[in-house]
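So, here come the structures, one by one.
Two complexes come next, and they have one chain in common, subunit A, joined by subunit B in the first and subunit C in the second.
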Partner chain A sequence: MLTSAHWRKTLEAVSIPIAALIFSLFLFGLFCAAAGANPFAVYGAIYKAAFGSWFAFQNTLIRAAPLMLTSLCTALPARLGLVIIGNEGALVMGGIAAIAAGLSVAGSAPALVVQIVMAIAGILAGGVWIGIVGALRHYRAVNETISSLLMNYIAIAILNHLVGGPMRDPTSLNKPSSFPIPDADKLGNIPFTRVHYGLLYGIVVCIIAYYLIQRTTFGFAARTAGGNVKAARIAGLPVGKLTIAICFLAGSAAGLAGMVEVAAVHGRANESLNANYGYAGILVAFIARHNPIAASVVAILLGGILASGSILQRQLGLPDATVYVFQGLVFLVVLYSESLYGRFAIFKEPEAPSLPPPSATLAV
Partner chain B sequence: MNPAVEISQTKELDLPPELEVVNMTKQFGQLIALDQVSLTLKPGTFHALLGENGAGKSTLVKCVMGFYQPTSGEVRFNQQVQTIASPRDAQRHGIGMVYQHFTSVPAMTVAENLVLCRYESAALIDWKAEYEVLNAFMETAPFKLPLSAIVAQLAAGEKQKLEILKQLYLKSKILILDEPTSVLTPGEADEVLGLIRQEVVAGHLSVLLISHKFREVTAFVDEITVLRKGKFAGSGSVKDLTIADMAEMMMGEKRDPQKVEKTVHPDPTPVLQIQEIHANKDNGLEAISGVNLTVNSGEIVGIAGISGNGQRELVEVLAGQRIATAGQVLVNGEVYRASRREMFKHRVFVLPEEPLKNACVPQMSVAENLALRTFDRSPQAKGWMLLFKPIREAAQRLIKIFKIKTPSPETPVSNLSGGNVQRTVLARELSSDHINLLIAANPCFGLDFAAVDYIHSEILETRNRGVAVLLVSEDLDELLKLSDRILVISEGKFAYESPIATADFAAIGRSMAGH
Partner chain C sequence: MATEALGWWGVPLGIMAGMLRGSAPFLFVSLGECLTEKSGKVNLGLEGTLLTGAMSAYAISYLTEKSVGPAISPWLGVLVAGLAGMVLGFIHAWLSQQPKVNDVAVGIAMIIFGSGIAFFLGKPFIQPPAPQLPTFDLGAWSNVPQIQSALKISPLLIIGILLAPLMAWFFKSTRWGLFIRAVGDSPDAALAMGISIAKVRMLCIIAGSFLAGIGGAYLSLYYPGSWSERISSGQGLMAVALVIFARWNPIQCLWASLLFGGAQAIGPALQAVGVEGGYYLFNASPYILTLLIMIITCSPKKTLTGAPGALGTFT
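Moving on to the complex of A and B:
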């Protein structure tokens, strides 16, 4: 039933992030003007590069796929009241595990089996990686934001160590990499497009995550514990197990993103794996207010902005890092906009006419 | 001007002013928290303000300190009427307050905290000059603390001393102490109060002590004023009063338990057994030190006590919100750790105090909050999937039966009024027709008369069905009315136990006050 309270709340949840995005576009325009470029030319270039043509839009979708998955690494724990930003690390660990598993079965199994094995390896590795963060949080009260952030650096160091040493393909000279998986085993493209199946993974996983949180007993328990730990304890819910389980699931989504990057884009593990999809995923989760369905839409939007980096460089002479300035501005403005919820009368339910207190009829 | 000289001069020169509170009334909406109360704090005396929870003690001192403006009545210093508009005004008149909880900055030193507490600090601090002043001040202070010590590293007793030193440093002549010993061990409490007593005897200070503890009152205090339910209930000199007199002033006349319908159960079986439970407060000090208790089927066991004596922690242990440091809880003879499976198996339900904080998820809907105990089993769930229709139907049924006033089952429970939040929790915990053990803590706190009656009849009805009920309450009338057996908890231990028929009212009062 759609009551007035509901549509007002939904409208608020949609309007505020959109207003935040528009305001950050404005700020970015000021920045570009200061850098000597015409802001409107910049907006036009971003739009053209992101959504201007079918070719450009496919580029956007290719970038959106890992973003959808990594955003869940922040969005799921947020429902339990945890702020986890270890997306990049989980993605990297998932990528390493996927390539290792893929290489060990490639050639002796059909392509589909190789892909499934890679996906499972990525999911497990990413899940365990963030699961550790959850366990540290529950058993030792270690701050999950800091530990997950620091574990990113560990993951990246492990990646560099492995592709530069034990897993190195001797033919990879100027960019140390692992051995590649055979082209036949790579994740293919969706028919009639250049977009790989990773996009489908992203959309499906986002939908599953939404159902998991909103429609299952597990999600109910997690939302209860996230909303009020004391109430969860009084209902006997296992808060510690929930923490570790939701962290595992969060990490496994980012790990799957690592698998997609390896299996569909690079074909091997190397430093390209750590291409900031993890960090951008945090941004996606916050703009989407930790709603997995909204995250899949926001990921496409942000994927488009990321895709426009090289155009800004080529056409307007701005450094390609300019898009990261935009990304940073969006993040700041969106975080600020969190403080605006409940501030606007238009989104508030009108006061119900007051009825006589029911206690008068309650005496037994 | 040299502040150090000034401090020593004022100390030698004059006694603290006489503080009079005359016919003070404070109303919050419909509620009269303080009704025509008068009190005189003579210069150089140690005066205690006694009363049960909610008697109006805090309201009175908050009016004196300028946190609240009284509805009527006045404050006089040496017969001069003064208006105290803010705590800063109170400080100007030489009144300082020490709160139950520490207000120092843990990461800073004693010296920094002392300088910080001045209202008018210069933008630049000349530490050399400040240290000279502080050293001179410490020379004359009743207790010494190392100025360069970090506050976080001080023991609780020393932190409390720092709070008092701050007031002396601010040259307060009248000290209001709000249960200053609740965070201290008895040894620390005696030391701090003893040293303050010396200052009072020397004529440097007047003290108004808010306390529940007769032990401290008889050892350190000259005069008392007692409040009961917002009204003046008596005053006098401690040396003329017995503890029984003071207890009677606090509790009022002996009240006969209100008669209620109770059915007798032929063969009671032990349902809840608490064995040697120990548990800590949030700050790590021990709150419960080894309590034993059995609650039988068809019996209401009441636990009386002044808040802060361990009853909250005991309820939290039983509700699964706090881990006991030692001992065990048995339900139906089996070890009980408050897991969801055990709660369901043994049918344990809890009505905690402050339901919005303890038993509800504020941003989740009324329907979801009502489903908190049942969402994961049939008919509200099928395997892993939540079934929204049965959840909604169950909510609509409970909203109707328990008359919860809510715009819809989907409204977040935090949008409801306090009484309706309480009803929501009551509906969830009492609607099950096979309760085995009910743990209730101050279930009627803040509710109107009709709602209280309703909750009492629900609890009694539950008991008459054979449910074992543990009722923890700060309202003695409620306990006397409902309980079959009454215990008093004081400083983490049971200090009194009696069947309700033979309960001695005066002895309950004395045990509650820790004597």
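Moving on to the complex of A and C:
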């Protein structure tokens, strides 16, 4: 709540990330100028491609949907003090499970049932994938950052193996793919837009995640363990179960992103699933400081930047990796901004209140 | 075809060749990471450094071929790759020592930033061939072409192999090595000795990134010997995991790197003798191996022997 007691803190939490974004835009402008492009033309192109028109904004929203979901894969474990970056792998595994489940029930069940089965399969597969990372962390003390990143490569290898062999549709020649799900079973669009229902999934899941972390005993236990593991153990919190449960939930969000990509965008599983939504999701989580509601807003911003990649390539002749440079710059500046909290006097609550507390006046 | 003449012997031979050919990047990155972690900081961003090193080495070798000749230009590339690594290392060292900034998160950011820079600047160099590093042909005695090609040794690998015992000696027997170990194991004691923790860590991270950059030069200038965006595919990251397996001991980094070089060759070696199924899965074997090794060697009950005391803590 925006009470008068907290407004300075809220202002700090909002203005520092925004200042970081603006500063990284400035650095990016310098980089573009050094690479021989007019920085203002670049800013203009990004704005136009991301938010310039209703058509462009819908493109942005389509990209924001998976970002919202994959960002939770980093944001939720972060509350428990874990740095998990297996977003890409969980998305890919979710996509594979969703297409496998969808193909097995398609044709014999109504579209809604097919979609629910696909979603459950994606959630379970992604959840188990990151749940393994959590279990390894708890039972074997395996570094979760490294193991989750290794699991990304393993997931992509499994995807390539399955769509190149056991699950391959023989008619897909240039790009090995699985069989497609029927168009009737694909996830539809939100009325009056070109944006699929995945966006709604993303927003709803972000709200649930926020409620779970901030407003339930489970979330409180997780945040306590994240703050001080020893204290949490002494208080009798089941740290191991919490770790695995949070990791499962984190992975299931990314797995759902894979299902959305399969069921709404591609209609089949192939290497397009591996489109860096996972890695961009890590960045979203860090900019949003692991707050799920903030993540859904940041996802729209970053979705816009991703949407502008091809425009930069076509209009300004910049390589497609420009977007990665920008993402890297934003990430570095946002991390630096972590050290700025509490440094500005303007965001500090005034220490001595000008009025004496009521009890003191009464006592006199 | 000679492969058929060798039959299944081609598989162990291919793996051995892979050890000699593919292990140098692992070796350089893991030695660099070993140096960094001994000072108490983690640099996950060496994957980005490896890519930047590979790109800059290739670009410099290609661009300077005309002016300095194809014999010197690859070595110039190696040097510039190391320098480019130092620049990234400086960014990492400065940022990860700011208050309240998590060095693991900085590492992830540096992976994205380093690979972004490498892909951005490396776009024009994907096609043209650049002069490659020379090799020592130790297999001239044999008339089997596979053995001849397997025993082609890059001078960079020899430098790396010599560097491992040198670094072990440096940690054990020199004053500077003691400073680094003190900063990594017990920053308070280091402070009492009058050592600047920030400076030691800065130098260790920069020197480690220099080595990782050279590992990248090996990738693009010797094996696989061309620049593409998929050239490293996680080798920098595996090398970071390998340091844990090697218990922060440079000599063991050498053995572990040879093991990983061999694991990387399993997929191509099996494909060469005609095992086609599961090609992608065999190619994933280094990742699976890394994961298995971490599962076996880590333990929740005790801290690992050899682990620097201050690793992963905020100071």
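The rule is short, and it goes like this: the second predicted complex is superposed on the first by the 346 of 364 C-alpha atoms of A that agree within 3 Å, B and C clash if a C-alpha of one lies under 4 Å from a C-alpha of the other, contacts with A are read in each partner's own complex, and residues count from 1 in each chain.
Note that in this section a contact is a pair of C-beta atoms (placed from the backbone, for glycine too) under 8 Å apart; a residue touches a chain by one contact, two chains touch by 3 or more.
Everything numeric in this text was worked out from a predicted model, so none of it was measured.
Of the two partner chains placed by the overlay, only subunit B lies in contact with A:Ala231; subunit C stays clear of it. Look at A:Ala321: by the touch rule set out above, it reaches subunit C but stays clear of subunit B. The partner of subunit A that touches more of its residues, comparing subunit B with subunit C, is C. In the superposed pair of complexes, A:Asn143 makes contact with subunit C only, with no contact to subunit B.
In the superposition on chain A, contact of A:His161 is made with subunit C only, not with subunit B. By the touch criterion stated above, A:Phe40 is placed in contact with neither subunit B nor subunit C.
In the superposition on chain A, A:Phe26 contacts neither subunit B nor subunit C. By the touch criterion stated above, A:Ala221 is placed in contact with subunit B alone, subunit C being left untouched. Interface residues of subunit C facing subunit A in the complex, by the touch rule stated above, are 44, 91, 95, 98-102, 104-106, 108-110, 112-117, 119-120, 123, 233-234, 237-238, 240-241, 244, 277-281, 283-284, 287-288, 290-291, 294-295, 298-300. Residues of subunit A touching subunit B in their complex: 1, 3, 5-6, 215-221, 223-224, 227-228, 230-238, 349, 352, 355, 357-364.
Contact residues of subunit A toward subunit C in the complex are 35, 83, 85, 136, 138-143, 145-147, 149-151, 153-154, 157-158, 160-161, 164-165, 279, 282-283, 286, 318-329, 331-332, 335-336, 338-339, 341.
Residues 319-321, 338-344, 350, 352, 357-364, 368, 371-373, 375-376, 381, 384-386, 403, 405, 407-408, 410-411, 419, 448, 450-451, 453-454, 457 of subunit B are the ones touching subunit A in the complex.
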